[in-house]
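In what follows, structures are represented as structure tokens.
Here come two complexes built around chain A, the first alongside chain B, the second alongside chain C.
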Partner chain A sequence: MSDVEVSGVSKRYDDLWAVKRVSFTAPAGSFTSLLGPSGCGKTTTLRLIAGFAALDEGEVRIGGKPVDALPPWRRNLGVVFQNYALFPFMTVFDNVAFGLRRRRVPRGETAARVAEAIDLVGLPDLAGRYPRQLSGGQQQRVALARALVIRPEVLLLDEPLSNLDAKLRAEMRFELKRIQRETGVTSIFVTHDQEEALTLSDQIVVMNLGTVAGAAAPKSIWEQPESAYVADFLGVENLFPGTVGDGAEDDGTVAVSVSEGSVTLDVAAARPAEAAVVLGIRSGDIKMWKVDSKRALDGPNELAGTVREFTYVGSAVVYQVDCAALPRPLIATVQEEFAVGESVRLHLPPGAIKLLRPDAPAGGSGARP
Partner chain B sequence: MADLFLRSGRGLVTVMAVFWLVFLVAPIVVTLASSFTSSTYLTFPPPGWSVRWYLSAFESEWVWSTFWNSVVIAVVSTTIAVALGIAAARVLARHRFYGRGAFEYAVLSPLVIPGVVVGFALLNVSVLIETQDAGLLNLIIGHTMVTTPFTLRSVWSSMAGSEISLEEAAQSLGATRWSAFWLVVFPLIVPGIVAGAIIAFTFSFNDVTISAFLSAREARTLPVELMSHIEYLPDPTPAAVSSLMIVITLAFFLLVERTVGLDVFADR
Partner chain C sequence: MNTGRFPASLATPVLLAFGIFVLVPCVMLLVKGLEPTAETGEWPDFTNVLGVFDSKVGQQALNRTIRISLIVTAICMLAGYPVALFIARCGPRWRGLLLAVVIFPFLISAVVRAFGWTVLLGDSGLANKGLIALGLIDRPITLVQNEIGIIVGETHLLMPYMILSLLAVLQRIDPNLRHAAESLGASPVSVFWRIVIPLTLPGLLTGTLLVFSLAMTAFATPFLLGGGRTPILTTLLYDYAFTLFDWRLAASIGIVLLILGILFVTIHRFVSSRGMRSYG
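After this line comes the complex of A and B, so read on.
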């Protein structure tokens, strides 16, 4: 197994930087996700690692060796494409055997390794079928077997689950995790789905406008996103720009006044270097009671609001609540039921509010038209 | 409203079918029938039946020599047109580049420019480059130019089904650029190549307009020779030769239909 070091990699198409000075390391045997919206440069980064496009700046090292001078067929990487890219006129066996035949592996060994790979991805008795005779999920498994049978140094996956329906996608997610654990292959996975990235990865690299916006393990990126952009992409519904007050606190909290609002919230966090911050809180962390509730406060940060709209999502109800003290409505997810127009009390626990770094305008690169 | 639209459409199809039968199929039937005439001049319906004009055709030196000219020209120009068509289709299907549109129009222009114009232009060019006496060469160049649009179009449309990711997948699995094309793309475009080649061959083999301009005295094609024969002599040998050409052309299309299906001629 090999690690992948991407250092300062840039790729320009005409006068547009598709990726600009992207750096991250995928440790040997780990599962790294490149997460971001379409056009953020995640697929381009993958293609640069695979060698399908030549980079304009920087360096890619696999197992410590620079690979930029090598064509794709000399890099020994397994690639799984979004559309699977199975060879339509070849059987499953021939598809999987393709890479071994290019390597002139003896016939007997080829048969054994193909059988092993088909077994690994759980495709019993389908070796003689053609791709068009297979379901989307089965084609996906063949694509995985074909990429893994050559024992690649790294497995590159370009949104492999996006063409599957929701149920199959959840199933394939487990399969992907099992296969990666069993083979121990270093994997780099491109996705725009934060849930996929969270469930599969050892490391998540969030990309924005061709640059890396943040990179961390799923748990830490979920609990403490680096910036407002990363928090937004990881589903932090409530984001408010604010300014950290000057008042010295000695209880481990800082007071932050909400910009364009009329409230100062206590946040359980160390004082940040910059006064300009973004406050973030997940809708599920907000508490909400009826206005006449006699319930005592858990702490500071209580707001008054009026229910504007709600959506029932089965396990809970998501409310949009107008607060006079805030510039935009608050999103709160709670179990209790409230009516539209009802006055409510809201509580934002200081420990649940995140202090986030505001993003530089346009990320300083990737000037997209 | 929609019903009326549908019904009038059906009526139109019926009328078209009748017209096609009368004006396209009927002359073929007339030619075939009159080639079996027993008389020494062309009449329809024939006064009696015989195969003497077929025997006459097989015995005529001019039929054989121009037939072989036509075969050589068709085979060589088709081969070149297929090679050029594959190369150009690959570029057009895979790359976006400055002047791509102009290139596309230039290569496809012989499809819309009248044969007379193309023939006359090519004659002038051959005079300019002093190859006007090398009839065979001129004919091969001319036919290649005119048939390449056909091979390009059909290869291009078959290439639309092969995504670039197929080649990339093959490359990531250890195939060089060339073997990725040969092992993965080529098998997918074979139907397009076959269809384009057959159209190109049929066009070249049957063409009169362009060939008439380019045929030198010692290098005449069968259709051009047939034309001049019909102009000066009343004997039904050309009818027999024409009938054979009709049969050969039909056999070609039947071959395509049986091997790759006629839908390969459909546009992308």
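After this line comes the complex of A and C, so read on.
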């Protein structure tokens, strides 16, 4: 078990920086996710760790040792690919045994370790089958067994779940977590799915345009994203640029006026260093009620609005609400039912609003995959 | 519109023509070759076909045909593989250019190509001069109007078939397979033998089938570069038909060639189905 230190790593393709000064550390035995949209450099970073591409700047250390001079076949890493990359002309057994045979492991031990790995990933006895005779989920497990059987120092996973259907994906997520816990192997997992990253990881590294936009444990990155970009990628639906006012408040809140809007919101947060901020609030934190109910529009952080559109998601209803005081419609997720065109009141609790560092436009596509 | 019938009706003329132009000559060939030699003889008469194997000229031509075809196939395979590998790894621009170079022999007529080789391989040609300059030989050696000439000419002609067959499979190889093997500890040499070669086996088999059968049935190139003293089955057939006007003997050689072809395709199919069992 080894930790992975990625420090100041850059990779250029022609004139494009696919990855620019990326740094993070994956502690030994941890599960780290590289999260970002396609083209953000997450897969390139993984390929640089694996040694499939040579980095232009920086250094990768595995277990404290620099590995940049080592070719991939001397790094002892397990890699699981998005398309599984099983050898089509080999049986399941031969696929899994491939790495052991390259290491000249004796025949008897090979058979035992292959059986052990196939058992670990929860595959039934399919050792004599060829990859094309297996389902997607089974191929996925073979790919995992093949990568784990060599007892790698680090397990690298490149969007391994994205080719599976929703039900299987949820199941494999649990499986992946179990396998990682049982083996204790340091894992680096590339994904564009925030839910996968949140449920699996000890640490999430959010990437944007070839750089690290933020890195933290799932809970802290969920509760207090570092920047507007990270918040946007982690599903904070409502983001509004704003300016922190000068007036000092005694109750631990700051007043922030929404840019291009006509409202000043109280936010329960420490005064940030910069006046220019982005206000973020999750749709589920917003309160919403009918305008004819007896409550008057008098409290702080209360807005008037009109329901523009809604989508029913089963457990709740997601509303798009036009507010005169805001430059863009607000997204609110509530249990109550409202009709399109209905006038409503909204409350944005000061404690639920996040003050975020503005950065590059959210959702921008990166340099190159 | 019934789209189901549409391709069938369009395909009919070509299929019909092919059917007729393959079947009728085959029947005629068999009839001519197996015709009784004597007035009172019985059908079918194998004397002439077997006579091909009995006569010294026929036997030599048969052996030479098989030998040359095998050598040409082997050279195309060994020399063509690295070329295909290199082209597959080139960028799109270079790939196009290199492909044009590879396909170029197709664009020259057999006569021009053979004449070119006659000049190059002649006693005072570039090949002999080069070998003498390198000190490998003292006097010019005969490189043309013999088997060497035929092998050189046919290799030049058939190399593109092998390279194109290999390229077709090489370009479809998922690069992740190579990476997966590397991450599991396979060195580039090991990746080549254990991953790339098995993955290109279908192309190698297709190329072998094309090159061998075309080498066996080539006529113009061996005729022009082989000269009169190194007959192979096709040039011998030509001699019988157009110099001796012995159609029966010519047809007998035709039958032998047909049998050789069927034999080779059968062996090839057997090897392919065994080797490719796992490819699905």
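FYI, the second predicted complex is superposed on the first by the 354 of 369 C-alpha atoms of A that agree within 3 Å, B and C clash if a C-alpha of one lies under 4 Å from a C-alpha of the other, contacts with A are read in each partner's own complex, and residues count from 1 in each chain.
One rule holds for everything that comes next: contacts are C-beta pairs under 8 Å (C-beta built on N, C-alpha and C of every residue); 3 or more make two chains touch, one makes a residue touch a chain.
Computed from a predicted structure; not experimentally measured.
Following the overlay on chain A, a clash is recorded for the pair chain B and chain C. By the touch criterion defined above, A:Gly341 lies against neither chain B nor chain C after alignment on the C-alpha atoms of chain A. Looking at the shared chain after the overlay, A:Tyr130 reaches chain C, while chain B stays out of its contact range. Contact with neither chain B nor chain C is seen for A:Gly64 once the two complexes are overlaid on the shared chain.
Comparing which residues of chain A touch chain B with which touch chain C, the overlap comprises 50-52, 71-73, 75-79, 81, 83, 85-89, 98-99, 102-103, 146-147, 150. Residue ranges of chain C in contact with chain A, taken from their complex: 174, 176-177, 179-187, 190, 194-195, 198-199, 201, 278-280. Interface residues of chain A facing chain C in the complex, by the touch rule stated above, are 50-52, 71-79, 81, 83, 85-91, 98-99, 102-103, 130, 132, 146-147, 150, 156. Contact residues on chain A toward chain B in their complex (touch as defined above): 50-52, 71-73, 75-79, 81-83, 85-89, 98-99, 102-103, 146-147, 150.
Chain B makes touch with chain A in their complex at residues 163, 165-166, 168-177, 179-180, 183-184, 187-188.
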